[in-house]
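Letters are used for the chains, namely A, B, C and D, taken in the order the chains are written, and counting of residues starts over at 1 for each.
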Amino acid sequence: MVGTPVLFIAIPLLAAFLIPLLGMIWKESVRIVPGLVLMYLMVLAVSLMGHVAHNGPIIEIIAGWAPPIGINLVFNAFTGFLVTLIIFMGLLVWLYSYRFKSNVEYEPARKYFILLMMLVTGSTGVVLTGDIFNLFVFIEITSISAYALTAFYTGRDSAEASFKYVMMGSLASTMLLIAIMLIYSQLGTLNMADVASKIHLMDPTLKAISFILFVVALGVEAEIFPLNGWAPDAYAEAPGPVGAAFAGIVVKAMLYALIRFTYTIFDLSGAFNLLIIIGLLTLVIAEVAAIRQDKLKRMLAYSSIGQMGLVMVAFGIGTREGVFAALFIMLNHAIIKPLLFFSGSYLVYHSKKKYISDIDGMGKLAPFTSLLFALGAFAIVGLPPFAGFWSKLSFLVAAADNDMVLIIALILAVSIVEIVYYMRVVNRIFFFKRTTGLLARRPTFNAYIVMSVLGIIVLMIGFFPDTVTGYIQAAADSLFDKTQYIHSVLTASIQ
Amino acid sequence: MKKVLVILLLAVVGFYLADVFIGIGFGNDHFVKSDEIKPVKDIYLQQTVENLKVSNAVTSIVVNFRGFDTLGEVTVLFLSVTALGSILYRKRHHAGDRSVLFSASSIVTAGSKLLFPPILLLGAYVFIHGHLSPGGGFQGGVIIATGFLLMLLAYENYTVSHNALSIVESFAGITFAVIGLMGFMNGGTFLQNFLPVGTLNDLFSGGIIPIIYIAVGFKVAAELTGVIYTVLNEKGDQKNG
Amino acid sequence: MIAAAIYAVVQKDLLYAVIATGIISLILSIVFYILQAPDVALTEAAIGVALTTIVFIITIRNTVRMEDESDKNKNIKSAAK
Amino acid sequence: MDNTYYDLLTYVVYGSAILVMLIGLYAVLVKKSLLKIVIGLSIVDSGLNLLIVSLGYLKNGTAPIFSKGFFELAADKPMVDPLLQALVLTAIVIGFGVTAVALSLVIRLWRHHHTLYIDEIKNLKW
């Protein structure tokens, strides 16, 4: 075997503790080491994915105590898929911000890269862990890094956005802790698989209450309406790459936790309907809000929330096809949203207020960036040859299989809204006259690479969707196979 | 009438929460009665004595059974120091421009000087004996940090070297992670004990538990001192009251 | 403890409010001790009573002492600026 | 000790823990001063910790420490839940970390606005 899943957590932590020491010797190392760590983890993730495809899930036991007693990490097709995605996004964000931060002094740069690495590590931990309380700890790691990254710029509004985030986040973690305690007080265990196998013994009222607490708490972190008060501000005020990291990394991990609770741990029949209702509300309200925004990043943030709503609805369908569609949308969102954030933040780079109207006529000044932005916009609304089309199609097919006509109609209506506001922006970029005297900023070399890679992936998924559907199908199957998950965890022993 | 609305909402939430917890009951076995349920706490208590030879069950859980949580927790503290530094960072650094809480009299300064070594000693005692008596890395680390806090408050120009803090912090953190990785020796798992456990109630017992707790103690002490130091050096632009 | 909590919320002078939260932690740590949790009691005493209170007090020193909710207070402050 | 005494204690302990949490929550929701909000958050944390520890308490229980005295004096007494205590330990430390970050944000906001009054800071939509 090449390595074990625990290295996903241990190596970045070791590096994070080492960086202050290395920084005293060689200052450039604070930028390079996180990247090297992420590259190594990417290699590890890919090789473990290959291993899992042939030999089945890997259950990592920690401290030598088999699952109900100790903490364990689960690396199967589903978690592996998400981990690979998260680390890949982390790597791109690192690459993008590597030179972006070169004008920043040593101290903040060191902190920025440590925080970024810990954001990735925390999210990876959330996805991998098989223990409820450990999940809480990793959520806290992720959110503290996120608070600090939101407030990274010393402008006046970023601290406010971050404060809002801290408020919501710590109330959410209080609720999460109460829910964990309710489960423990009844079942006497904290292991996810163990809880899942015993949940039918739990008092129904308590079960419902703790489920609702989980949904609310994780909903705050996964920007689900009406708990997403923090999200647009945090996206808009955080540095460009961090906004992309939120969309591509943090939200994915939190959504994973929510899904894990709904699908594996709880056996409530009403849970799926709850997901559909929440998802639809999120979707409709976020898209309507997005069309009213006058700042580019806020518009993207609301669009991101809307996409999360769509994912929730897809998960709420509750069939294998639904899960497939949800994962496909998540994948596309994780690739397209960062592309939009990266290129968008260059388009409004010199504009003080970051209004959408400031990008009029950018198409001539910065053709490459504008083209990529347009590509992202086309892809996310689901125009045929691009990536978003296939995920939306699979979603509609899954909904149609279950005769959810109303939902299909609603989704199509919302898609039109989405098309309207994205096309408005694209229209402004290419066909409006430049009104402000602001110049375009040339992207750095690394930013070019990152955006091109993302653009190529979008095109690749668009033209050859088969390259990814296999992995997604395997991931969906492994999420669905609840008994196998429980069995493989509870019978795990030291290799 | 926002206040009334909020109070009403809170009353409803509180009622349900109280209802749930009173239903669970206080001071009795609250786990569901069933053959399938074997609360892990019983296993913990049993294994603590039999296999780990550690007196303090809380320590054995924090450091061994759920050592991964502790690693995460130490990371949270590390992150909050980093976050503090990043949030409060500004370009011009006013060195020695510290906010003074009160001007200390000579009694206070002399007293602090006198108390400082015993506090450090107490902290060290608490974390070295973490596996035998109440206390451990966190508690001992916090006690040491309060010692530094006392000195920082009593002496206006008492400084702690930032580099020294981060060296201590890094080394302690690396120790924790490396001991964790050393668990892989002999085909074990992350954080697995690889040292002989000794006998119950001895100072040298419990395998890697005391070592990890000492590392945690140093790390927590360095981190909390760092938190206080960073905040203390942050003088507001304008003072009021 | 409840009285201290209410006092902490109602009190306009933030310094007293912070000290009230310190008192909550102090009572809490005694309660923890009674509930047979000496480890938690020790942690709560050290973190809750000492460190949190001190960090709050330093923040208050760096900002304002009064919670300015009334217009009167605001006027005084803008006059002082 | 008899059972009615414990029944009464149930209401007292849980009641006060939940009440403290609610008071903190009230401060977070209603108060207009940023520092008061942070104070409220830390009060919520305190109440939560009490709630969790009291959940682990057992009648006539003893602390989960196998000291020499335990085997001599209290070997027949049940031990209170050590796991919940370990979790609270973690929760307290994490709570402190979050409070410190929140307070540093308060200082940042003060630097820019010279007020902690929430209505004057609101640049973004609340």
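Worth a mention:
Here is the rule we use: a contact is a pair of C-beta atoms (placed from the backbone, for glycine too) under 8 Å apart; a residue touches a chain by one contact, two chains touch by 3 or more.
What you see is a predicted model; the values in this text were computed from it and never measured.
For chain pairs A-B and A-D, the one joined by more C-beta pairs in contact is A-B.
Look at where the CA atoms of chain A average out and do the same for chain D: the two points lie 30 Å apart. The centroid of the Cα atoms in chain B and the matching centroid in chain C are 21 Å apart. Each chain gets one centre point, the mean of its Cα atoms, and the points for chain B and chain D are 16 Å apart. Annotation for chain D: residues touching 2 or more other chains are 19, 21, 25-26, 51, 54-55, 57, 61, 63-65, 83-85, 89-90, 93-94, 96-98, 100-101, 103, 105-108, 110, 114. Annotation for chain C: residues touching 2 or more other chains are 38-39, 43, 47, 51, 55, 59, 62-64, 77, 81.
The residues of chain A that reach two or more other chains are 133, 137, 140, 144, 147-148, 151, 154, 159, 162, 178, 185, 190, listed in rising order.
Interchain contacts (touch definition given at top) occur between A-B, A-D, B-C, B-D, C-D. The residues of chain C lying in touch with chain B in their complex are 38-39, 41-43, 46-47, 50-51, 54-55, 57-59, 61-66, 77, 80-81. On the side of chain A, the complex with chain D involves touching residues 133, 137, 140, 144, 147-148, 151, 154, 156-157, 159-164, 166-167, 169-171, 173-174, 177-178, 181, 184-185, 190, 229, 232-233, 236-237. The touching residues of chain B, counted against chain C in their complex, run 56, 58-59, 99, 101, 126, 134-136, 138-139, 142-143, 145-146, 149, 224, 227-228, 231-232, 234-236, 238-241. Put simply, chain A touches chain B in their complex at residues 4, 6, 9-10, 13-14, 16-18, 20-21, 24, 60-65, 68-71, 105, 107-108, 111-112, 114-115, 118, 125, 133-134, 137-138, 140-141, 144-145, 147-148, 151-152, 154, 159, 162, 178, 182, 185-191, 198, 201-203, 205-206, 209, 494-495.
Looking at the complex, you find that chain C touches chain D at residues 1-2, 5-6, 8-9, 14, 17-18, 21, 24-25, 28, 31-32, 35-40, 43-44, 47-48, 51-52, 55-56, 59-60, 62-64, 67-69, 74, 77, 81.
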